[in-house]
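Heads up, there are several structures right after this.
Next come two complexes built around subunit A: one with subunit B, the other with subunit C.
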Partner chain A sequence: MRRICAALIVCCALTVDPVSAGALRVVAAYPYIGSLVEKIGGTNVQVSSLARGDHNPHVIVPLPSFIAKVRGADLLVINGAQLEIGWLPPLLRQANNPAVQPGERGFLDLSRSVTLIEVPAAVSRELGDVHPEGNPHHYLDPENILLLAGAIRDRLSEIDPDAAAYYQENHQKFIELWRARLLEWSEKMAPLRNARVIEYHKSFDYFLRRYGLVLAGTVEPLPGIPPTSKHIERLEALLKGQPARYVLQDVYNPDDASRHLAEKLGMALRFLPHDVGAVREAGDIVSLFDEIVGRMTR
Partner chain B sequence: MSDILWTAFLLSLVLLGIHSFFGIEIIRRGIIFTDLAIGQMAAMGAAVSILLLDGEYLDVVSLAFALGGGAIVAVAARRTDSHEAFIGLLYAFGFSGVFILLSKSYHGMEMFQKLTASDILFTPMSDLLKAALVYAVLGGVLLLFYRRARGLAREALFFVTFAITVTIAVRIAGVLVVFALLVAPAMTALRIRRGIPIVNAWIIGTAVNLLSILLSYNLDLPTGYTLVFSHAVLALAVALIVPARNSPARAEPRPAPDHP
Partner chain C sequence: MHTRQWILPLVLIVLGPAWTRGQEAPAPTDQSSPFNQAKFVPDISLILDCSYLLRSLPDESYDMLAVPGAAADDEHGSSHRGFNLNYLEINFYSIVDPYFELFAVLHVSEHHFHLEEAYGLTKKLPLGLQVKVGKFLSGFGRINEQHAHYWDFAKRPLIHETVFGPEGLNEVGARLTWVAPFETYLTVGGEVLMGENASSFGRAGIHSEAVQVDEESVNGPGLFVGYGRTSIDIGDASLLFGVSLGRGTTRVDEGFSAGLDDGAALAGHTVVWGGDLTIKYLFDAIRYLTVQSEFLYRSTDATLYTGNTPQVFQTSPFERRQSGFYCQAVAKVGLQWRTGIRFDMLLQNEIVEGGIRMDIPENLPRLSAMVEFNPTEFSRLRVQYDYDRSRYALADSRFAEKTVHELSLQLNLAIGAHGAHAF
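Right after this comes the complex of A and B.
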């Protein structure tokens, strides 16, 4: 028994993480943020992401490692607009790192740098998973990535002014690459302008808006609430005369309702990655959008 | 990091202390699933409060549901022959009820997950102290009155204190974690021929808690589920290997709860 106790104590002592000196430790709430920070921070930052890209971003099961990561962070970058409301607050409290608390320099809420859409006039629980600040999936508008990259550059430079020129240079390079991509994506998406689509969750609204697609309905009756038979019936009736081009489905929600609708009404079902790592091909922020555009135009 | 593990470990001890008593009682009474049923009723109360009252009076509503569940189980004990089936159905009723209610609610699925097995690594110290205080009072009451109480008073005392205990525990740790802490150490302790069962349950439970929390931390696994898993594995293994302490007739194998 005594030997087991000793072994356990040793285990406990081994849980302290080694800290690598020099690099700025940045913790990203989601992988897309991590990828973006890597582009701007380059070799000066050591980035780790908390949530997995193939999980439901609203419902993240916090793991013990999250505490260690946040505790050791110099900068915590979150998506904001309450996407993390279900899991980040207890983590911030438990990690007890004063440098990355809201309002501090080490806390960056990306939603503050963009204009949110679908801001509800009144918030009620009866309207489902409605975020009072607006639709939180703002980064899926590729134009918004430019704003987010700027916010990340500014904050990195503020925390680490010695490397400001380096961040500026990386940012410049990234912006040039991104602008070229934006042209390419607009060109590819142009034939889809005014096409009607339905989506499972209101995840891709910013993307659809950017390229002029029309959202004809959602498989969920209300955001965050699983489809009911009555709602599916209503949706079928609505789409019967003029089916939508695509049913857009994220990778983490059950796809049976979407599949049923797509088959019944002869619409194409497309699985779109919503974050870096949601599908194998979406390895970083650039290939995430390459993949979304690719899957929509294939 | 040890301070974080420390809070989780303390919490598991606070829960273990009183749950071992109830665990041994419910195994002796042969009403194993009572906890799952009452815990699920407490969770249903929480869901009702979240959906209809915006989370107001959560503790009160939750406790009312748990007490209701306890009362139903106590009444059914005198009225039905297939008691386990009754309790099992009460559990299914609570589980599906919570799911239906929370499917209509803001962040409902998240809440559903937390009420099943929440992450005890993230429990604030204040919740821990509150639970410790209430459990100390309940423990005192049980120590003073339980042995002397007879008949209906004894039943009422048992189910009321049990409902309060489970209500608090479900809020902090979730239904499954509570069930594991309640049944697993008690079941193993009742098979040990030496010592006092409750003390054995405390020793076994503490060791498994410590092991699970370290395991969860080092392998980066969800803490609540790791706790449930370790307790279940150990208790199942012991039950298969070590012969029962009591007469074989009482130790007939029961079907494991079919948890979705």
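Right after this comes the complex of A and C.
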């Protein structure tokens, strides 16, 4: 045992943290955050994302390799609003990195920079997998990306003040590009205003709200509960006279119920990427929204 | 006397309402409740586990059986046919201040209540270090640190139960862990524990004036555990590999110090080695396959004292070498469905007393299979079948194997604020 202790101490001494020699090491909970940090941080940051973009963001398997990433991070950026509650806390606890604990400069919760919608008046697990702080998929409102980009710029500048001007410059460039895109997306989405849609899970509510689409129902009876035949029958009855334009389906949940509904009532089934990497075409934060808008308007 | 007894109640009845009337509704000028601490209530969760058990043997016959080479478990009654309330686990967790977190886990069964874990954890140590102090489940191996509700099968693996007993290696002490600042996950942990695990360790002294035995008790920690874990990802597969070592003082005293004529006691050392491997393969966003295996080896070298009068007193060397493993494959096959099998075996089972090897059966197997339905992450229904060939009846100092079939339907429910689980 004494030998083990000694070995441990020697190891610690030998591997004194290679304090961010050069690049700032940023760990992003989801790929869209990673992409956004890359846009603002440019060559000054070394970004790695934990979760995969094509997996269910609520149920990420917390792989041990994530612990190593969090251990080495100067900054951890999360989506917040309890989207990570099922997988990130144990990683944070096991990583032994005081710099990225909640409350520290190295911890950024993006949900703090936006206004959350659908904040439940009462919370009970009878209502399924509800998030007490509101719908956590806030970044799918493209207008919110401007706020998130600002929060990332501010935090990078705070941690690495020497490069503040560089982050500001990158931020400015990104904002200009984004505003141009926003105009383009608004134009494309305009004909869909007031169109009724069904979605599998309440993932795209922020997006729908931004462009004035109407959510007519969800394939899930309750958040996080898979569709039941009873619920699907009810949806069918509800939509019979007035079918919705689209059934929106994410890429990670089973699509049989959505497919059945779409076919039965003559609605179009659209698979939307919810994150960077969810589909091949959504390679970064810009093409993610290009792809969502493209798939909605095709 | 009799009349005096009336006075106090009478006064209260008369004055009580009058007094409250006097206090009636003074409009509060300040609406604040300056000393309210409701927001600081820790996360509290309750986990209930119950089951319905069908078994091929009547309870009376089953209770007579034991796994040869494993210490008999007198404290925990085994589960019986019919309904079982296995446990209610009460968890508390909160951040203490910027420097510490506190966890407490209470394990409650129908007639017992015990503190499973209660420990503080540092938050701010530099260099990738963390200290845990209190009573906690040792980081030895893979399954030991996990709470029962997180297991894939209802029972502790045979070798685990043989080496660490029904509650696992759960001790009072301190742990230091270090996470290497490498791209590859590597963590090392060292634990200094009191070493009171009755199945392998112990601290109490052994004394007998009649036959002049004086084994001193261990003053201070008697058990040291070290472990290391590393992991790599290969494509969609993730591998976690660990090695563990525990070494501690062993003391068993069955009526010897108490002066019983047929008392026996054991004093010596036990070393336990462990190796574990977990492979998780993600097929897609929903389905995965996890293969997990653990191997344990226990070696005890001690002195055995028997008989408490000079006429029958004997001292003999005692050696125990045991090993075993389990290997399980669990697949998540749908949003709410999981299924798995586990093969469980006690391999070497060698006990040598005074140079004579005892006649104890070896290679004791058990096979388990389960199907799980999880309506949500807070509820679970599981059907588990066990084909158990590890249990023996002792008749005329000979072991006779009794095959046991078990089928159990388990219900596990969780409420409150319960933290997420690690890999």
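Operating definition for what follows: the second predicted complex is superposed on the first by the 278 of 298 C-alpha atoms of A that agree within 3 Å, B and C clash if a C-alpha of one lies under 4 Å from a C-alpha of the other, contacts with A are read in each partner's own complex, and residues count from 1 in each chain.
Please note the rule applied: a residue touches a chain if its C-beta (ideal position, glycine included) is under 8 Å from a C-beta of that chain, and two chains touch if they have at least 3 such contacts.
Note that the structure is a prediction, hence the values are computed from the model and not measured.
Novice: Once chain A of both complexes is superposed, is A:A195 in touch with subunit B (first), subunit C (second), both, or neither?
Specialist: Neither partner.
Novice: With both complexes superposed on chain A, which partner does A:Q101 reach: first (subunit B), second (subunit C), both or neither?
Specialist: second
Novice: According to the contact criterion defined above, which of subunit B and subunit C contacts more residues of subunit A?
Specialist: Residues of subunit A touched, subunit B against subunit C: more for C.
Novice: Per the contact definition in the header, classify A:V61: touching subunit B only (first), subunit C only (second), both, or neither.
Specialist: A:V61: touches subunit B and subunit C.
Novice: Look at A:I175 in the shared chain and tell me whether it touches subunit B only, subunit C only, both, or neither; answer first, second, both or neither.
Specialist: Once the two structures are laid over each other on A, A:I175 reaches no partner at all.
Novice: With the two structures laid over each other on chain A, which partner does A:G86 touch: subunit B (first), subunit C (second), both, or neither?
Specialist: So A:G86 meets both subunit B and subunit C here.
Novice: Of the two partner chains, subunit B (first) and subunit C (second), which one does A:I232 touch, if any: first, second, both, or neither?
Specialist: In the superposed model, A:I232 contacts neither subunit B nor subunit C.
Novice: Counting only touches as set out at the top, which of subunit B and subunit C does A:G224 meet: first, second, both, neither?
Specialist: both
Novice: Could you look at A:Y252 and tell me whether it touches subunit B, subunit C, both or neither (first, second, both, neither)?
Specialist: Only subunit C is touched by A:Y252; subunit B is not.
Novice: Same subunit A residues contacting subunit B and subunit C, which ones?
Specialist: 4, 8, 11-12, 15-17, 61-65, 67-68, 71, 85-87, 90-91, 93-94, 125, 128-129, 224-226.
Novice: Please name which positions on subunit A make contact with subunit C in the complex.
Specialist: Subunit A residues touching subunit C: 1, 4-5, 7-8, 11-12, 15-18, 54-56, 61-65, 67-68, 71-72, 85-91, 93-98, 101, 103, 125, 128-129, 224-226, 251-254.
Novice: Flag every residue of subunit C that touches subunit A in the complex, lowest number first.
Specialist: Listed in rising order, the residues of subunit C that touch subunit A are 98, 101, 121, 123-130, 176-188, 190, 192, 224, 226, 229, 231-233, 238, 240, 245, 247, 280, 282, 284-286, 288, 335-336, 375-378, 415, 419-423.
Novice: If you look only at subunit A, which of its residues touch subunit B in the complex?
Specialist: Those residues of subunit A that touch subunit B are 4, 8, 11-12, 14-17, 58-59, 61-65, 67-68, 71, 85-87, 90-91, 93-94, 125, 128-130, 224-226.
Novice: For the complex, give me every residue of subunit B touching subunit A.
Specialist: That would be residues 1-2, 4-5, 51, 54, 103-110, 113, 119, 121-122, 124, 207, 210-211, 214, 216-218, 220-223 of subunit B.
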